[in-house]
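Chain naming follows the written order as A, B, C, D, E, F, G and H, and within any one chain the residues start at number 1.
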């Protein structure tokens, strides 16, 4: 078997089944909505971390994998097709094919996060958002991992209604933060 | 009461309650998932029509309104806050604030469609997608009304599982269309 | 009452009435032209400070608030609608909806300052300037807080004619600065 | 006297004094707020006409001239320095120096309208808005003559308060137009 | 079996094996270098036709297929992995993932042709050329089907040396065309 | 001798020596300042014609050739190196290497005119103007053949002082044209 | 006299007549070709210094001034109209009106150097190069002060033929530098 | 002989014949596929080094030269025309004419690597990829030296089939690296 194919087979077997990361929530939380986040490269970690912090705060389980649409295409397909995630997030820079490739293999909502690697991220933004008719990707702003996670939570909240209250609370917290910033501004 | 305020009040009262448009589905369809689509201008109609065709095909009810984030901001807020839609779609060109303003007033998923009016639509794309941390908008491609609708259906399908089968069928139909195009290509 | 709405109510009551910042002018100055500057985020402070320095120099009172068009939309509306400012300034980055949202709620002149946060500020510039027909925003250059303030002063000077002399003096001072730079250049 | 200089002298004498165009208002209107609009080229007329229609509707006198910052710089300076206009509008495409040159010769508010001639108007937009510190220009959107006029009216209304009511009425009219468009949309 | 998977299987079986198009060369030509061109959409045909004309002129066999990286990803993979082509060409617009996806599934040279569909083709250009380290795509200019074919011929000529002479002849013919244009220019 | 080299030799011999086009001036004009204009393609003719009209008006001889930096590089070099022109103009679109290649082979001033062929001419503009340190090209605006010619005349006028008067006259004529446009504007 | 006008008068009298900087050449050099370089701001000094080094090397006298097209427009006009320079150089960033304003006031060749201050210098590049028909500016690359100077020398060399030899020598020196770099590359 | 021509002659004689750099492979490797890489400037070295590392790993000989299309055009032509390389690589920034000039002088495949020097490398990218019909260049991503080398290897592998196995191994190694990164991600 040639090396190229073996790599692909390998990830199908061991990848999605054993290598899961849980942003674990308190024991008492029985809520099990699942998001799978794929990163095109380990260097996209800082963008993912913004998403992970949101998922942790909302108690939403997120499985994360590094898997490249170009370097490990079979792994991406295996992960997506064998996953029971309800929402996918693809985080990638440059010619960011990852979100579109995920979307090509699932009918679940796919969120794309363009990463600024070259050209201020304009290349990744266009590659993420300009999908052809028929295969939508939900693009968020450049490097906006937190918004990808919040969008995922909003989507999940349609079904998992216990998230609704947390979303309202999050917005209130933001408003409070801005109120505090505004109060500080009165002393500038 | 000054005219500016009266206009706003007027739309709160009569707007969302009486002026609904239903892309009605066959009588036998009891499915009632709701999408609200807001257009920043009547000139955005061609982009909306691509979405409407999808909603009709999937039997998803879509209420549509023309409401501008800049010219009728109160109407946008009234429509959004009084709606029981599960997904919102904002379609706008230029400094496309509409999707972001919708998102500011709901915790439901908001999909933004940038419309090419000037600068090939780059202005609308950036305004739609570059939201600040905390308020996500799911941007689709420039003038991609059909993808906004398909994304809405994918989101709704998480809860309304009868849509899942239709999504698979839609993808199969696309693949068949391409297979036919490919067959034609053999005669080029 | 859900948290999202409470935040909004809160800012209507206490925001504009109590939290004013005065870039105070000498006691003897009875001149009371008012500008309200809104910042989309506390991180826009450095751009505002360029404006504040100008207002201080011209003895023009400027009230400042941090208020986001996306995260605290109700606060923005409350601040604008309850204000007696003669000119508004909106300072924001990314999908800079703030100046347009202010303009949607007032018929007073609104100046927009795009802030460089991503894409060298091109996103904010386009969002600030490409308003639809009917709702103008006066955009100044990227990060150009000082020019926003000077434009505000020029506008106020039409009515508050004592500012005219100061504007001429400011230009003369600039010319002197350049004359000095030119003199220095003769020694390069 | 060389031809280049004669042309300049000529325009100083006859230009601003005799060649005025009045978008005249009803006799009974004693209101005399003045705007001067300069077009860099006769080809910018369609953009100006959007402004002229607004001025006519608001009963605001607007003097118009074709004068190029590059081809007739002396004429621009003469027109600006000898004018008693309260607001200036510069309409120009390409390397749109006109608004900035006007601003260099007056301390009155200057509004710039970038015209799409090449590069979708991006060149004119950047030239109009990216003024250096100290000399502000109030840029409106590409080809947005109507917004330049509305901004001028908003500025004039600070002093000429009878315009305030008209501005509210204009906004109400826009809201009604959108309400009508929305009603039509219910029949799509 | 769900429709989505059946479509994929179908193309694996019948696609590459039976649906070949030969830009056939004169009977006497025994030369069998093979190129496979994939079009993301039937609408990309005009760009492909420029390539086809070159292949016909050089007597190089080119198999063509319509296959979308997003709508029929399995078909793309099947076509590429089961092909014995020596060079691949991917022609696509918008978020042009096709060339990169081909490259992800072969170690043969892959040429990408960005197609102008939106944004003057800038989106497709960036998606085609900005591949991550490790998976190269050889991008040619926007809509430049003829150059994709000529590059393919240059690559094939390294091994199939009979093409070398034709490449020199083609260049001479271009030079003659320009010489004729130049002669015509003397009469302008 | 291979065809590729023969084409090059051919143009060296017959090209610049016999194929000259004279935008001839009145017999009595003894003035012999020479400009050589090279067009990358016959399709650039409309841009050249704007230059030709200027040269005719100023009585400046301009030799014109179609010669491509990419398709007939030897011809470009031969034309440039064997020419006694005092100023060169290179007119080209896309990856407009022509002006830079001319500049690489002469120390005479080289003017580059970027032609809008794709991407609104932005590609040609950047290729024309962004030369490396050491080899200047004088870029004029996109499709601005007339400005290339006027710049050439300004350069020639330093030595051929009889052109100075014509340049003043041309500016006066422009000012008169604008004065006429301005007079017409008073009737709008 | 108001301060704004006094500043302008002041620069007419003392500016160009007394404040000259000479990049002086060896005593024996009687050559007196003159270039005037204007900088829009003292912060453009680093770009000018690249030009100054070239002028020093070529023994070309260059007068330099800081003068802003927007902040000291009268000074720019005075300097240009009272100068006997044969070539002008305008160095400016942002909405770089300076080169075009110089060109509006002289029929001598004007070279523009766009400076990277915001948007990677794209704003300044477009403002410098996209002049309207009739008023050419010779744009060089972003921050390319050395190329502005070399272009000026090439222009001057048409009349001052002793510069020709130096231009050839400069190119030879560049070639030697590259030959040395190439030799070093053999050891990489 | 003038200095400009002497420099050119010099590089024809000594350049390609003596100054070769070998990224030497193990003695036992008899494989002699040749690539010639030209750098427009010594400052492009870091981009070349990524390519050199790949060539070393694959045991492919690569001759490297610093040679500028603008500053040493004759050297570029000499190197290309006298080379027996099977693939050429041109690495250049700004108005990156180098790859196109190489392509103008050979019918061998030419790979272009745009280098980020100004404008985030967008200028170099467009200059590299937007070649006119007839002269193809295979562009890779901005600063993507490694991909240029991998593309060269893929091209060479068509003829030198021993490289095929190495290409598969390289891909497997990348997949393993990503698998390791993914394993690490499970501990984030």
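Keep in mind that, in the parts below, a contact is a pair of C-beta atoms (placed from the backbone, for glycine too) under 8 Å apart; a residue touches a chain by one contact, two chains touch by 3 or more.
All figures in this text were calculated on a predicted structure; none of them were measured in a lab.
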Chains touching both chain E and chain F: H
Shared interface numbering between chain D and chain B [over half = same, under half = different]: different
Recurring contact interface, reference E-F, options B-E, A-E or B-C [over half identical by residue number]: B-E
Chain F-chain G separation of Cα centroids, rounded to whole Å: 22
Approximate Å spacing (C-alpha centroids) for the pair chain E, chain G: 48
Centre-to-centre distance between chain H and chain A (centres being mean Cα positions), rounded to whole Å: 36
Contacts with two or more other chains, residues of chain H listed in rising order: 4, 41, 68, 71, 94-95, 107, 118-120, 122, 129-131, 134-135, 141-142, 168, 171, 174
Contacting chain pairs - touch in the sense defined above: A-B, A-C, A-E, A-H, B-C, B-D, B-E, C-D, C-G, D-F, D-G, E-F, E-H, F-G, F-H, G-H
Residues on chain D engaged by chain G in the complex (per definition of touch): 4, 40-41, 68-71, 73, 77, 93-95, 97, 100-101, 103-105, 107, 118-119, 122-123, 126-132, 134-135
For the chain C and chain A complex, residues of the former touching the latter: 2-4, 6-8, 10-11, 15, 19-21, 39, 41-42, 45, 48-49, 52, 64-68, 71-72, 75, 94-95, 118-120
Residues of chain F that touch chain D when the two form their complex: 116, 120-122, 141-143, 168-169, 171-172, 174-176, 178-179, 181-188
Footprint of chain C on chain D - complex, ascending: 50, 86-87, 107-109, 111, 125, 129-131, 133-142, 144, 146-148, 150-151, 154-159, 164, 167-168, 170-171, 174
